[in-house]
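Below are the structure tokens for one structure; questions will follow.
For clarity, chains are labelled A, B, C and D in written order, and residue numbers in each chain start from 1.
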Amino acid sequence: MQPAVEFQHISKRFGAVQANRDVSFSIAQGSIHGVIGENGAGKSTLMSILYGYYRADGGKLLINGQEQDIRNSHEAIGLGIGMVHQHFMLVDNMTVLDNVMLGGEGGFRLQKNRKQVEQQLRDICQRYALDVDPLDKIEDLSVGVQQRVEILKQIYRSANILILDEPTAVLTVQETTSLFEVLRLFKEQGKTIILITHKLQEILEITDEVTVMRAGTVVGSVQTAATNKEQLAELMVGRPIETQLPRAPYAPGATVLEVKGLNLINAQQVSLLKNISFQIRAGEIVAIAGVSGNGQSELLEILSGMRLPTAGDISMQGKALPYAGRKDADGLPATFRELGIAHVPEDRLRDAVVKNFSVMMNSFLGYQKKLGKTLGWLDYKAILKNCQNLLAQFDVRPADPHLRIALLSGGNQQKVVMAREMAANPQLILVGQPTRGVDIGTIESLHARLLAMRDAGVAILLVSVELEEVRALADRILVMSGGCITGELKAEEFDATRIGLLMGGLHKH
Amino acid sequence: MNQTDLPRWATAFALPLLNLLSALLVAAGVIYLLGESPVESLGILLNSAVFNPEGLGYTLFYAATFIFTGLSVSIAMQAGLFNIGSEGQMYIGGLGLTLVVLTLDASLPGWALIPLAMLGSAAFGAAWAFLPGYLQAKRGSHVVVTTIMFNFIAASLMNYLIVSFLIPAGEQNTASRVFAASAWLPKLNGILPVLGETPLNISFILALLALVIYGIAVWRTTWGYQLRATGLNQHAAHYAGISISKTIIVTMMISGALAGLAAVNSVMGSTHYLNLNFPAGAGFIGIAIALMGRQHPVGILLSAILFGALIQGGFDLSLEKPNIPPETFIFIQGLIILFCGAMENLYAPALSALLKRKSS
Amino acid sequence: MMFDDFQFSSILVSTIRNAPVLMFAAMAGLFAERSGVVDLALEGKMLASAFVSAAVAYVTQNPWLGILAGVGVSVAIALLQGFVSITQKGNQLVAGIAINIALSGLTFVLAQFFFMQGGRTPDLGSARLFDIVLPGSEAVAGIPFLGWFYTKLIGGHSALVYLAFALIPVVHWVLYHTRFGLRLRAVGENPHAADAAGINVERTRFMAMLCAGMLCSFSGAYLSIVQSGFFLRDMSAGNGYLALTALVFGNWRPLQTALGCLMFGFFTALQVQIEGVVFPGLGKVPGSLIQMIPYVVTVVVLAGLMAKSVAPKAIGVPFVKSR
Amino acid sequence: ADPKFAVIYDAGGKFDKSFNQSASEGAERFKKETKIGFMEVQVASDTQTEQVLRNLARKKVDLIASIGFAQAQAVQNVAKEFPATKFVLIDGVAKGDNVSSVLFKEQEGSYLVGVAAAIASKSKKVGFIGGMDIPLIRNFSCGYVQGVKATDAKVEIVQNMVGTTTSAWNDPAKGGELARAQFERGVDVIFAAAGGSGMGTLQAVKEKGKLGIGVDSNQNYMHPGSMLTSMVKRVDQAIYDSFMQMKNGSWKAGVVYKGLKEGGVDWALDKDNRSVVSADMEKRVNAAKQDIINGKVKVVDFRDANKCPV
């Protein structure tokens, strides 16, 4: 049988970066094909070429044995190719229905088809067990549901070749499981699926074959059945990966952060946080596990000074944090930082970096006041040196301080942010989803950094949806659901099933 | 296609030059259609705006005003604010300095009066920009809309104040009385007699100084860093502990103060009285200058001089060539802004292809 | 005819006459901006179309040909604007301002060149649009209120006035209930998503500019052919910027934007009526202060009543396939 | 050799259908009769005025005509520098032994058209539309109101100004709209002193079959039958006279006021408005004119005290 997709000697260059170099491999009809590789290995670029988003500088592309010159997404869609992008391609202020219809409206007047398509979508949702209401607006939906909308879109368009670029990065275990159910259904129907992920056990769980990329080239394709995690990891990174990182024995010090009776009610009068109380001591990592959207983000925002709570007391080393009596949180994060609270936010592109600044200019975001002590003068020489140090320490690639940070891969951006926050010598560091979309090599090094900080006596609050990550790092685990803390476990009590139950415990859906 | 393929000299000089030439080419076509020789016209224009010292003096005189309004628009843009209100802020700034001068010009010597009057213009300009800034920061009212409205309001207010209070009784001219000589800005032809009778005065020097301060403040200080961070990503700025509303309000006030200072050149440096509609669109030209100069001090300086030259040279040209009405130069200004400010990459593909062919 | 003397009636009629200039331009801006292209060049397109439609109407002695020519020119300028902002990915604000400045100069130069009347076209005389008298007007003219309502308020305007008001539902329909509208909004909100859905972002934006050019031309034609009867230099007199204000004011939505335009029309009419009126306690407020009313009201309403305006997310950003 | 002449128009420009245009017509007439040419320039700002005055003086122009009050200060400055050059300033006063300042008693002409308006109005409501609220325009309106009230104290006057920015002179749409608004309030005669915007007013007047009054030059020809009259301000005559005197060597510096008596202002009666001016009206307007010339009636100049008596 003809392969569904065949890449022949594909090359693509962005300025100085060779994103793909002479990439050749093929994907069998009706299979699930995994593509893995470090951040920046060129996976997304290759898929974007297949989907017509970029055009290759050289090489050939064969779809079902036919050479194709795909010039844009429209032509890709015409060839039955569908893609779920790393960042969702949805129009936030439109409904699910309109998003699905977009590009395939079936006529000039929408109204005629809206009813019909809506019914169709409801049918699909039922058939594939996708819980989506076609009339909801995207901006009101959680990421998990948005992901389902993307899938829904592809089913509606009856794509035969489906590309999924890190679809599970933001999903919970349950959501991932149900996504895989859908993918298996797809495969049964003879569709071809290309899956990019950084999570190796997903590759092992669902793919038939896997291609490994490194620095723009293919370093090997293997049958999934004939491989294992360690081998794949080594192929990817070029060295063995440590899964069990060393850590000092648990010996927490004085209480650093104490939260009592924290409540948050938003402008729509929805209660987002209910009576949250906990404490963190020096030298321990407290992890908050939970399905995203259950109040963890808001908790981080409040603790970092980006948002004001409605009620409750927070004290840092015995002293109340200075948010009382304020009308808004404008400028408050600076005060919190001075008190020794560092923050690695969940959404790094939105909050943690200024995309159009260079890496160097981002390397002191939040600490600008400290640097410009005399008359606000910024000493770029010192800043540059400091930045170069950070880049070297955290092995950021490329280690070019003058590069626009948007051009770094997600993993490397995360390293810059982490480096910056750790360099501030905080008493408490708040870390949200530190390894989202980050490759395993980088995960290993970021985890090692966090553990080193813990060992050095820093209090760490980790928010993560990855149970694997929670297990690897936490000394204590709090589980959040519906704005409440529904349970607490010690590290040695770690039990995925129990945590899963607690996560769903008070959850409404 | 990619601009980054090109060497720096090409993007910094060759492309802008090619664009300027294209604009002039179109302009030459229009001049030809109007029945005049483009080459001769260009000669007259260059001569009267650049080569003849007195003309150059006028060019720089106009440029001084444009530098201030250009800076006013630029600094707001750095914070992501599109201040269309420089015109009104300049107008009100003129009122500020006039009030100072009219009260004190009989009693104070120039060295005290002039700085005080400048303070007045900056303060009034800043005050006029405060409300749009405040409303944007605290109420989310779009600063573009409020500043446009404030331009109209300023025009009405000034019309009322000038006509009802400032015109000396029995006078026809819609202007305040003439200031005492102590309020006249020292002219540069005192130092450089070659400039002849031009109103070019110390405010040009001040404008250059303002450019330097602007450059340092925006790129070299914490404050400028916070300003730019706010302009590029408000979420990140908030995360970084920058007070967004304070930044917006302060920036708008500085922007207003700079616009207010633009009044100093024409009111205290040339006419020596406050007249109706004296800004004559300088605030709007400031927008073009900020955009064309990419909010960079050197860019602002060059565009301001270019506009000054067009006004001076165009005026002289229309004097010599009755077939070419002065409005032709408004058209040419527009063309230049279009080509140099918005189509900077027009020739990039061709140039990069040419360079590639050369190098291979 | 008692009602006729009541000034409020005249304010309403005047509002209806004032609003179309802004409405056409604001709707034009709406198309451009909902597609992600900032349209600062409304003023320029208005001027160009005002001049061309007056000139052609004068030469052919046919207002409809004038309007047609105006549409052609305004569309051509919009496409030029599109070429700069969409194809060349230039700065859209710069492009807009440049077009305004260039056309302010060019329309004068051309008018002067062709007609030698100081940047003015000759009077159009009969080559103007007539006011439409609704059927049965004579019959109801004498009836109190109804007569005024039928013959003055909704009747007795030129065709362009009716077109302007008809546009409100039409634009709403196009924007929210057609394929074009859906794509337009998508392209202005998240062009990457639209592109991924197989939509040609640039072509959609060009289409939007085409609509913008066409609608804006009516605004210019209304100025010269309906309201004035000739073209005069810079006769757009800031209306393009006011239209933009109404657009922001209306949160880029057709209905609210039209309301914004009507509000401007209303307060302009009101201001005209209360100029020179003696207020109890205040006396006669100077005319120049009365002139502020529409602008002050806008600021107050914007600051006091409205929620934050939410612009289309991709506005002003050229579509570049990159991070 | 023949003397050299120049005219400097203010921002309104040579074709403003108003006083700049009138000045240009005077100079043209002089040129036609004497075959002596003249230079002409239009300035956009007060700074430019001074620049161009100086340029012309250096070029040894003998008489420079500056049109518009905005040029007053510049003329005074440059006249001091170039004592050999002569200047004639319209609508403003500049000091200097080589400056002739010509001021018009617009209030007197306006008074006459006010009389005509009051007689012509059937609704007993007349209107005034000015460009901008400035002393010159207020003087027009003040004279107009005096004339109306003197004729019939019961006649109401509705006044509007077009705007507060320079576009106030170039906004015919607003000029027309103001007229329509005034009609709806019952006005049936409008005096428009608003430059280009006024043309919009007169256009609207014609459309609605009402009566309009033109300003500065005789604008009756624009809409024959709809124009009641025009308040003419003979800037053309002033320029023509000044040029002639220069040629003849009888030119004199100083301030001159030109009113009805001096033929500086007048109301226009010609074939274009013959049909709308009744014999009675003509008689009464001319009687008023005579009274003013005789000094029986004194029309207050608004600018004397920045106040209008009525």
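What to note about this one:
One rule holds in what follows: a contact is a pair of C-beta atoms (placed from the backbone, for glycine too) under 8 Å apart; a residue touches a chain by one contact, two chains touch by 3 or more.
Here's who's who by UniProt: A = ABC transporter ATP-binding protein; B, C = ABC transporter permease.
These figures come from a predicted structure and were not determined experimentally.
Pairwise, the chains sharing the most contacting C-beta pairs are B-C. Centre-to-centre, using mean CA coordinates, chain C (ABC transporter permease) is 34 Å away from chain D. Annotation: 29 Å between the Cα-based centres of chain B (ABC transporter permease) and chain C (ABC transporter permease).
Centroid to centroid, with C-alpha atoms defining each point, chain A and chain B (ABC transporter permease) lie 46 Å apart. Between chain A and chain C (ABC transporter permease) the centroid-to-centroid distance comes to 46 Å (mean Cα coordinates, whole Å).
Contacts with at least two other chains are made by residues 133, 163-165 of chain D. In chain C (ABC transporter permease), the positions touching at least two other chains are 119, 233, 238, 286, 288, 291.
Within chain A, the positions touching two or more other chains are listed as 355. Every pair of chains in contact is given here: A-B, A-C, B-C, B-D, C-D. Across the complex, chain D is touched by residues 58, 61, 152, 155-156, 158-160, 163, 167, 169-175, 178, 197, 199, 266, 270-273, 275-278, 280, 315, 318-319, 322, 326 of chain B (ABC transporter permease).
By the touch criterion stated above, chain D contacts chain C (ABC transporter permease) in their complex at residues 13-17, 21, 133, 158-161, 163-165, 167, 170-178, 180-181, 184-186, 196, 199-200, 203, 207, 222.
Those residues of chain C (ABC transporter permease) that touch chain A in the complex are listed here as 176-183, 185-186, 189-190, 192-200, 313, 321-323.
Remark: chain C (ABC transporter permease) residues 84-85, 88-95, 97-106, 108-109, 112-113, 119, 233, 238, 241-242, 244-245, 248-249, 286, 288-289, 291-292, 294-296, 298-299, 302-304, 306-309 touch chain B (ABC transporter permease) in the complex. Considering their complex, residues 39-42, 44-48, 50-52, 54-55, 69-70, 72-73, 81, 91-93, 103, 132-136, 163-166, 303-306 of chain D touch chain B (ABC transporter permease).
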